[in-house]
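Have a look at this one.
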Amino acid sequence: MCTGLSHTTKDHYFGRNLDLEYPYNEKVAITPRNFPFEFRRLPSLPTHHAIIGMATTADGFPLYYDGTNDAGLSMAGLNFPGNADYKPEAPGKANVAPFEFIPWVLGQFDTVDQVETALTEVNLVDIAFSAEFPQSPLHWIISDRHGSLTVESVAAGLRVYDNPYGVLTNNPTFDIQSFGLNDYMHLSTTPSENRFSERLEFDTYSRGMGAIGLPGDLSSSSRFAKAVFTKMNSVSGTSESESLSQFFHILGSVAQQRGCVQVGGDDSYEITIYSSCCNTDTGVYYYTTYENSQITGVDMHSADLDSDTIVDYPLVTGQQIAMQN
Amino acid sequence: MCTGLSHTTKDHYFGRNLDLEYPYNEKVAITPRNFPFEFRRLPSLPTHHAIIGMATTADGFPLYYDGTNDAGLSMAGLNFPGNADYKPEAPGKANVAPFEFIPWVLGQFDTVDQVETALTEVNLVDIAFSAEFPQSPLHWIISDRHGSLTVESVAAGLRVYDNPYGVLTNNPTFDIQSFGLNDYMHLSTTPSENRFSERLEFDTYSRGMGAIGLPGDLSSSSRFAKAVFTKMNSVSGTSESESLSQFFHILGSVAQQRGCVQVGGDDSYEITIYSSCCNTDTGVYYYTTYENSQITGVDMHSADLDSDTIVDYPLVTGQQIAMQN
Amino acid sequence: MCTGLSHTTKDHYFGRNLDLEYPYNEKVAITPRNFPFEFRRLPSLPTHHAIIGMATTADGFPLYYDGTNDAGLSMAGLNFPGNADYKPEAPGKANVAPFEFIPWVLGQFDTVDQVETALTEVNLVDIAFSAEFPQSPLHWIISDRHGSLTVESVAAGLRVYDNPYGVLTNNPTFDIQSFGLNDYMHLSTTPSENRFSERLEFDTYSRGMGAIGLPGDLSSSSRFAKAVFTKMNSVSGTSESESLSQFFHILGSVAQQRGCVQVGGDDSYEITIYSSCCNTDTGVYYYTTYENSQITGVDMHSADLDSDTIVDYPLVTGQQIAMQN
Amino acid sequence: MCTGLSHTTKDHYFGRNLDLEYPYNEKVAITPRNFPFEFRRLPSLPTHHAIIGMATTADGFPLYYDGTNDAGLSMAGLNFPGNADYKPEAPGKANVAPFEFIPWVLGQFDTVDQVETALTEVNLVDIAFSAEFPQSPLHWIISDRHGSLTVESVAAGLRVYDNPYGVLTNNPTFDIQSFGLNDYMHLSTTPSENRFSERLEFDTYSRGMGAIGLPGDLSSSSRFAKAVFTKMNSVSGTSESESLSQFFHILGSVAQQRGCVQVGGDDSYEITIYSSCCNTDTGVYYYTTYENSQITGVDMHSADLDSDTIVDYPLVTGQQIAMQN
């Protein structure tokens, strides 16, 4: 499945792991301000914020997995199978198709607060992009440097949650996911202490024992607990190199190794196809892939952001080894 | 603490995470065949196998953390505090000082089987390298493509264990560490199944649930369980790029993120200072560092292996970002 | 906190653990058919089903903790702090005060199906019994031999859940509690199997390892998982002695031992004050107390069920030891 | 399997759960001082301490499962499959057959200290009682009010451990079992605290959350952790009734419910056949059985302790219900 992450050192960073069994020809795509966004049930946006992020472009439309706009607002869609429930068209509402949701939000808004207000009118309408790209069951994390939201369209309606962790994985619904963290409140980065019995002696035989009980499997609820623990306790310098390194390390704590999660038949395994980290202050989008651990970067501001044509960059997916001799 | 790993795809690979709160000026060091190894209580080795690995060189002597020789035999020392117990000099035994152990083994032997035989005569004698480099409490993993050993000098004497996992972390002793895995035998890479009650229905709400119960904290016993699970279930292609990528992903599953393990005062944290992976068939030693996720390589065979002078390569520790635009 | 249980062998049995730090002068109380039930906002019930159960009688009114009527329908209230949310009076609804809920249900209905229908009209109105007996935050389990319901009045309204486990503890809300069981679906009463790796051997060193992962602390969610596992896998003969013994063993699996759950200051501990088991077919109510492990019984049909006067029996709380010599 | 327990309030109490799939015709047996104990390789004891405990008597010899002598010393044997390793006869040693071990110890010694000294000469010799009663793989807990020992005859020899818990279950060996408790040192009887992150808020939704992580399955290592936690944190009054009640509650925390541990075929389940508690100061032996929760007592001092004839009492195994009306 996937893990989304928002993290601030000096600059604000936003990114995610995409965990799937195969890639979908995704590329780093820059949508400039004058690319005309046409929507199915809503007025088009002929001009809007520029967006950088990971997308599959189909019929000229950027199907973003995650992105950041030139105001520093970010958004990612994550798998939410069995829970995502899109609705019939609702008169008087902003009927946004799920595949339009990222461009519609990142195109128009500057801050999470603005999005939160706009969401009161949103209806996620059950319109798929095409027969070739059917509906994906998703929920979303929307972040700026001041906070994050989780948005879920479930059977009971659209749910918008404050997300104090800046972390999103997949099932269950965000309220249950968050409740589950209560069972981990005693975990700590400091050494374990004897609270068991004053009459016994224990051996702190290893560093790190203060977090015994933190799960390490790759299910969505275990990744959520582990990523929140790692992120909330993260310590790093504030330079670009230190911040980026730390961000990818947090994502690495919940990355998926080929072989650990078997899907369907014997030969298919979920892996972390890419990990991304966008500096939302500078507009540089960084990524690694399962087989290329070097960080590759694409700078939004190196493109002509006032153009009307999407520019995209195929991922560098082969291991880039630097030999020292 | 640390994690050692031996893994075979087509070629055999050996490496480790070094987890500490600060580096010790370690470098990739190639010791050629004619560098004279002088030992404290044993005859010197004027000529021997060439060795590549990570070492701090002190007074001209390579203090290897891990290494591989030109016959494909590998060895790494890992922290073993409270359990390592070195002995007084034993007449009639091969009295090897702990800091000499890696050169003494890799200098002379080709295979794990040869080492196992030689170990019957070994006494790990309590001689420190110097006042500046005092004794470290260690245990060791020794591997070739056919198998691995764990060697522990404890109060009861020298213990040599077959290591069917090709994984070593730290405390407790290897027999207890291995016994602990029994409690995880039911974990699986396949989806979870209902074995609870035929009269109830359950929801497989996420991929990866078959391994629920696998620990995710960074203590040595939890890292052992997680690394063994990840390694034993690892699936990858056999090319150098695929093999290397997978090896670093396995190590990544137990890497330490800054902030998660507080050491002593408030400002000190254990991190994965470097991760290494040596192709023991080709003699190329690869590594990443906490802040440089690109893989850097050093090829043993690019050096003059018949020389008598150690060659070393300072680590490339800054993030090497490849910009695409 | 508490655990409620419904279980069928040949007869149907219903009971609970009451876990608190001190008793409330509860007694086994039989309310006969002609005791006039007066309600605060609803028509009184001058005649109704007879009820046997545990109650504190105040101002002549039986405040039932749990009970069973002469039609075999049962109901228990369990602590639900922070989640129970009682409502203002709602015109046109059946405005039942929480303390009236058990008599109102058990007085009128024969089956869970009838109750489920009636609940569509119920509003749990925020009226306390008295200043001396203020509002308790509760939720309820209602059972007959064919099934169980859980009823929760929460901020979002009255929630009625089918309860396929026949088990109720306390927080969180029943939907979250039930969801949590998914993480235990792999637990089994049969010996553990190696699903970890075909290339490793494991030691089934103990019987019972198939359920490793089942929690054993006394929090409400852990008791829920343990009680559901024990109940769903329970095996016993169908005689009264075998059925009763098994029922009390299931409750015993989540009983609270003095000292394990500290409440407030140093000298207060939650314990299982009583455990009850009513044979709903025969109307005999059995109980044990923390200090009296012998089963004591009270037979509803030994009382005059057509009377208008409540009969109650103080609990036998001292250990009843049978000496054999 | 089984759980042994030593616990002191004002008096000292010793007992155990016997967990098996069927009984062996065990009875409460009093061996008076002049019953002649004949041993296979050791001098007989024509006179000795009187003993009360649970035993199967075969060919006139009391095969004790657990017992207490008139000096207040107690001992129980618990299943230890795969680890127990009895030895060939050793010249110059006290060659005690496993089935003689309890009478030999309880017959002669007054205190744990005396036993510890004597054990330096003991060899547990591999002599079975008879073809009908073959060797059982056992280890033992030996207790007085001041302390407990664990005795294990394993491949490496006889191991005698101080047992600061006063608890014994089954596998693994006691050193590994004890080491495992380190992973639970953070568990507490007090409410859970937020040590996860100061920037997050958590909900202590239940009492008892401080012990989240305590295992609840019925494997020997999980029962050990749960029983030690319950015993070390136990709080009770010091009267006989309070002490007994508490002792049986501690044993109850690790009792086995029929159905939870399947053995071999479909119809066989391990259950707690009996739980015992001997007041070692008064010599009264109390027990409950799976189907008789009332405490039954047998007083050693009601028998003629200077006789030469064993007196035994068949267990009262049917549920003894006290009807109140």
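As written, the chain order gives the labels A, B, C and D, with residue 1 at the start of each chain.
We take it that contacts are C-beta pairs under 8 Å (C-beta built on N, C-alpha and C of every residue); 3 or more make two chains touch, one makes a residue touch a chain.
A quick map from chain label to UniProt name: A, B, C, D = choloylglycine hydrolase.
Because the structure is predicted, anything quoted here is derived from the model rather than measured.
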Provide the labels of all chains in contact with subunit B (choloylglycine hydrolase) and in contact with subunit D (choloylglycine hydrolase).
-> A, C
Based on CA centres, what chain would you say lies at the far end from subunit B (choloylglycine hydrolase)?
-> C
What is the distance in Å between the mean C-alpha positions of subunit A (choloylglycine hydrolase) and subunit B (choloylglycine hydrolase)?
-> 33
So, in whole Å, the Cα centroid of subunit B (choloylglycine hydrolase) is separated from that of subunit C (choloylglycine hydrolase) by 55
State, to the nearest whole Å, the distance from the C-alpha centre of subunit A (choloylglycine hydrolase) to the C-alpha centre of subunit C (choloylglycine hydrolase).
-> 44
Spell out, as numbers or ranges, the residues of subunit D (choloylglycine hydrolase) touching 2 or more other chains.
-> 172, 179, 183, 187, 190, 203, 205, 209-210, 212-213, 221, 229, 233
Graph class of chain-chain contacts, one of line, ring, star, complete, other = complete
Name, in rising order, each residue of subunit B (choloylglycine hydrolase) that touches subunit C (choloylglycine hydrolase) in their complex.
-> 164-165, 179, 181-188, 190, 192-197, 199-200, 202-205, 209-210, 212-213, 229, 232-233
Which of the residues in subunit B (choloylglycine hydrolase) end up touching subunit D (choloylglycine hydrolase) in this complex?
-> 172, 175-176, 179-180, 183, 221
Which part of subunit B (choloylglycine hydrolase) faces subunit A (choloylglycine hydrolase) closely enough to touch in the complex?
-> 1, 28, 82, 170-172, 187, 189-191, 203, 205-223, 225-226, 229-230, 233-236, 241-242, 244-246, 248-250, 252-253, 255-263, 269-270, 286, 288, 290-299, 302-303, 313, 316, 318-325
